[in-house]
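I have placed the structure first, in the form of structure tokens, so that the comments after it can refer back to it.
Chain nomenclature is as follows: A, B, C, D, E, F and G, assigned in order of appearance, with residue numbering initiated at 1 for each chain independently.
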Amino acid sequence: MASDTLTLYDLNKKIQSVTTKAFPDPLWVMAEILEIQVNRSGHCYMELIEKSGTDEKIIARSRATIWSYKYRILRPYFETTTRSQLHAGIKVLVKAEVSFHELYGLSLNITDIDPSFTLGDLEMKKREVIKKLTADGVMEMNKELILPEVPQNIAVISAKTAAGYGDFIDSLLNNSYNFRFNITLYPAIMQGDAAERSIISALESIFKKEEMYDAVIVIRGGGSQADLECFNSYNLALNIAQFPVPVITGIGHERDETIADLVAHTSLKTPTAVAEFLVDLMVRFADLLNHLREAINKSATWILQRQELLIAQKASDLSHLIKSSLTQEEHALETLYGRLKSGAGTGNMKVSNHLKSYSQRIKYAWNSFSKQQEFELAALNKRKTRSTREMIMQQKRHLGSIEKNIELTDPAKVLERGYSISYIDGEAIKSAKNVKNGDKLLTKLSKGEIHSIITKNGK
Amino acid sequence: MAKNEISYKAAVTEIEEILEAIEDGNMDVDELTVNVKRVTELLKLCKDKLHKTEKEVNKILEADQEE
Amino acid sequence: MAKNEISYKAAVTEIEEILEAIEDGNMDVDELTVNVKRVTELLKLCKDKLHKTEKEVNKILEADQEE
Amino acid sequence: MAKNEISYKAAVTEIEEILEAIEDGNMDVDELTVNVKRVTELLKLCKDKLHKTEKEVNKILEADQEE
Amino acid sequence: MAKNEISYKAAVTEIEEILEAIEDGNMDVDELTVNVKRVTELLKLCKDKLHKTEKEVNKILEADQEE
Amino acid sequence: MAKNEISYKAAVTEIEEILEAIEDGNMDVDELTVNVKRVTELLKLCKDKLHKTEKEVNKILEADQEE
Amino acid sequence: MAKNEISYKAAVTEIEEILEAIEDGNMDVDELTVNVKRVTELLKLCKDKLHKTEKEVNKILEADQEE
């Protein structure tokens, strides 16, 4: 046996002393809770791990303990701050003493916890889920469904025994208006690790009878305030968002809404609030019906009154119209009579004027005729005088010119100018040819005659 | 009466024909007197008719008013 | 009755036609008396009709009001 | 009377024929006196006729107006 | 009944048509009496219908309220 | 008288015939003398007639004018 | 049941349509009664649907308790 051989106890004791030496003070350690368990004496035992950032492979693992006296203080501190329980899957920042026990091995003794680290982590997770749902395009899907005015047929997802459920049913069915609801419970686990799967399976059951329901109510009453983490789950939100019936949540939180609330059609704070909301819808509808009834009453009355007025108006119109029509007709007849009187008068006047104009026309015609005739006779008279005188004058001129011609031709006149005519044997001599010597010549002059004998003939 | 044998309208037509002939100057002076006499007769006839009609019309209208 | 053979409207139309002819001076004096008489008759007929209608209408309207 | 045997129109025609003959120089001086005398007589006849007609027409028209 | 053969609306329309014709003066006096009688009948018919309807409507609405 | 047996027209015609013959120049002095004498006589006759006619016509025309 | 054949929404829509027609004044008086009756029926149907006639609370709660 080698000299350096140690008993296990010795070895562990050695590790214990090294460890104690190496980690004299507590350290702040970041880790994820893999498992968590509280035993009967109130001690809390956890299995902490660290996953690789890339492939989610566990790269470190350690046990950790919160002793009951500490746990009683840390648990409420953590839960009120984060509104989440210490449960598997969350990341924590804890102050831990590294202790090594020869019998139990290495363990981290947690003395303090920083809830704000977990809170940040949860918030980040929540944001990631919202981001994913938004990327899926389902965030608004359930909100876009139309909630019937009268959601009477209701599927409720709740823990069967929960006080919230009882309150809900009570205020719904005992409403003071006697409204009627058909409620079907789909029981589910509403907290803890199993809640997500349980609620989704309830939704799936409802989905099979989808057409029977006007709304799906998800309520959770009375449980711990720090029990809401399951309602931030991506899977549950995806199921609610895509559900074909409007989902109304009444999960019982007071501050932040869960993702289930965000994607639901309507989210209310408590189950009772949901019940009031539903009753209120009914009241509003009943009001609408009353309002419509009154409106019908008013309209019908109005229409009848209006028609009555109209008919009365027509009756009075008739009487007025008839009277005015008859009066008008009477006036028209009087006008016609007046026209007859004046017409017959003017007719005669016209005709008699016409006759007067004839007398005048005769006068004018006669005057112009007689003037014309007188004028013509006067003209003829003038023509008579003028033409007679002209004729006489012309004859005078004619005779005068003849006289002149004769004077020029008269032999006696010729002789007066010194000419003479010689005769032989009574014949006027025009040539010396036949004249012989001794012929007795008688020469006539203007005044007197000369007798002579030819002695020489100069032929 | 012979006078009534000619209607008012015909009388007026004849008057106008004679007047036109005189106005055109186509009438022999010898016929003129005859024609003027004719026109005068016709005018008288028309006037008589007119007066008679006037009286009758007035009688009718007065009778009507009394009603 | 013969009177009823002509409607009120037709009577008025005839009256107006005759009046227009008289007013235009296109009417033969010989026809004037006849036409004036006709118009007077037609006017009387119209008035009678009017009065009769008035009475009947009043009777109907009064009966209606009493209801 | 013989004078009336010739109409106004015929008288005017004869006057015109004689005057034309004088104006054309176709008339024998021996006949001139006779013809001038004839024209003068015819003119007188026409004037007389005209005046007589005038008187008659006036008489008729006056009578007409008096009515 | 023959009365019911005409609807309220048709009755009102007919009343209005007759009234318009009277107003326009296009109605022959001869037809006036007949038409006035007709309008009066139609008015009565309308009133009757109106009262009957009023009663029925009231009955229905009251019955509804009592529930 | 023989003088009057020849008309004015015939006298003028004869004068013109003689003048034509003289103008032809074929006339003997003795004939010439005879013819000239004849023409002279005829001229006188014509002149006398003309004067007489003138006087008569003037008398007629003047008388006409006085009217 | 026949009642359930019409949904709230359809009932309200029908009521509103009838109401509009009445308010527009386009409704014949003859149709008024029928339509008011129809509206009243629809209203009754809706109210009946709304109000429960039997109390179901206990039934549910009891059933719940038994589980």
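Simple rule for what comes next: a contact is a pair of C-beta atoms (placed from the backbone, for glycine too) under 8 Å apart; a residue touches a chain by one contact, two chains touch by 3 or more.
If you're wondering where the values come from, they're calculated on a predicted model, not measured in any experiment.
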| task | Using the contact definition stated above, find the chains touching both chain A and chain F. | result | D
| By number of C-beta contact pairs, the top two chains | A-G
| message | Taking the mean of the C-alpha atoms as each chain's centre, how many Å separate chain F from chain G? | response | 154
| request: Express in whole angstrom the distance between the two chain centres, defined as the mean CA positions of chain B and chain F. | output: 67
| field | Centroid distance [mean C-alpha coordinates] between chain B and chain A, Å | value | 83
| remark: Chain centres from averaged Cα atoms put chain B and chain C apart, in whole Å, by 34
| task | Note the residues in chain A that touch 2 or more other chains, in rising order. | result | 293, 296, 300, 304, 307, 315, 318, 322, 326, 329, 337, 340, 344, 348, 351, 359, 362, 366, 373, 381, 384, 388, 392, 395
| remark: Residue ranges of chain D touching at least 2 other chains are 29, 32, 36, 40, 43, 46, 50, 53, 57, 61, 64
| Looking at the whole structure, which two-chain pairs count as touching? | A-B, A-C, A-D, A-E, A-F, A-G, B-C, B-D, C-E, D-F, E-G
| note | The chain E residues in contact with chain A across the complex are 8, 12, 15-16, 19, 22-23, 25, 27, 29, 32, 36, 39-40, 43, 46-47, 50, 53-54, 57, 61, 64
| Residue ranges of chain E in contact with chain G within the complex | 7-9, 46, 49-50, 53, 56-57, 60-61, 63-64, 67
| Residue ranges of chain A in contact with chain E within the complex | 293, 296-297, 300-301, 304, 307-308, 310-311, 314-315, 317-318, 321-322, 325-326, 328-329
| remark: Counting only contacts in the complex, chain A reaches chain D at residues 359, 362-363, 366, 370, 373-374, 376-377, 380-381, 383-384, 387-388, 390-392, 394-395
| field | Contacting residues of chain D [partner chain F, same complex] | value | 28-30, 32-33, 36-37, 40, 43-44
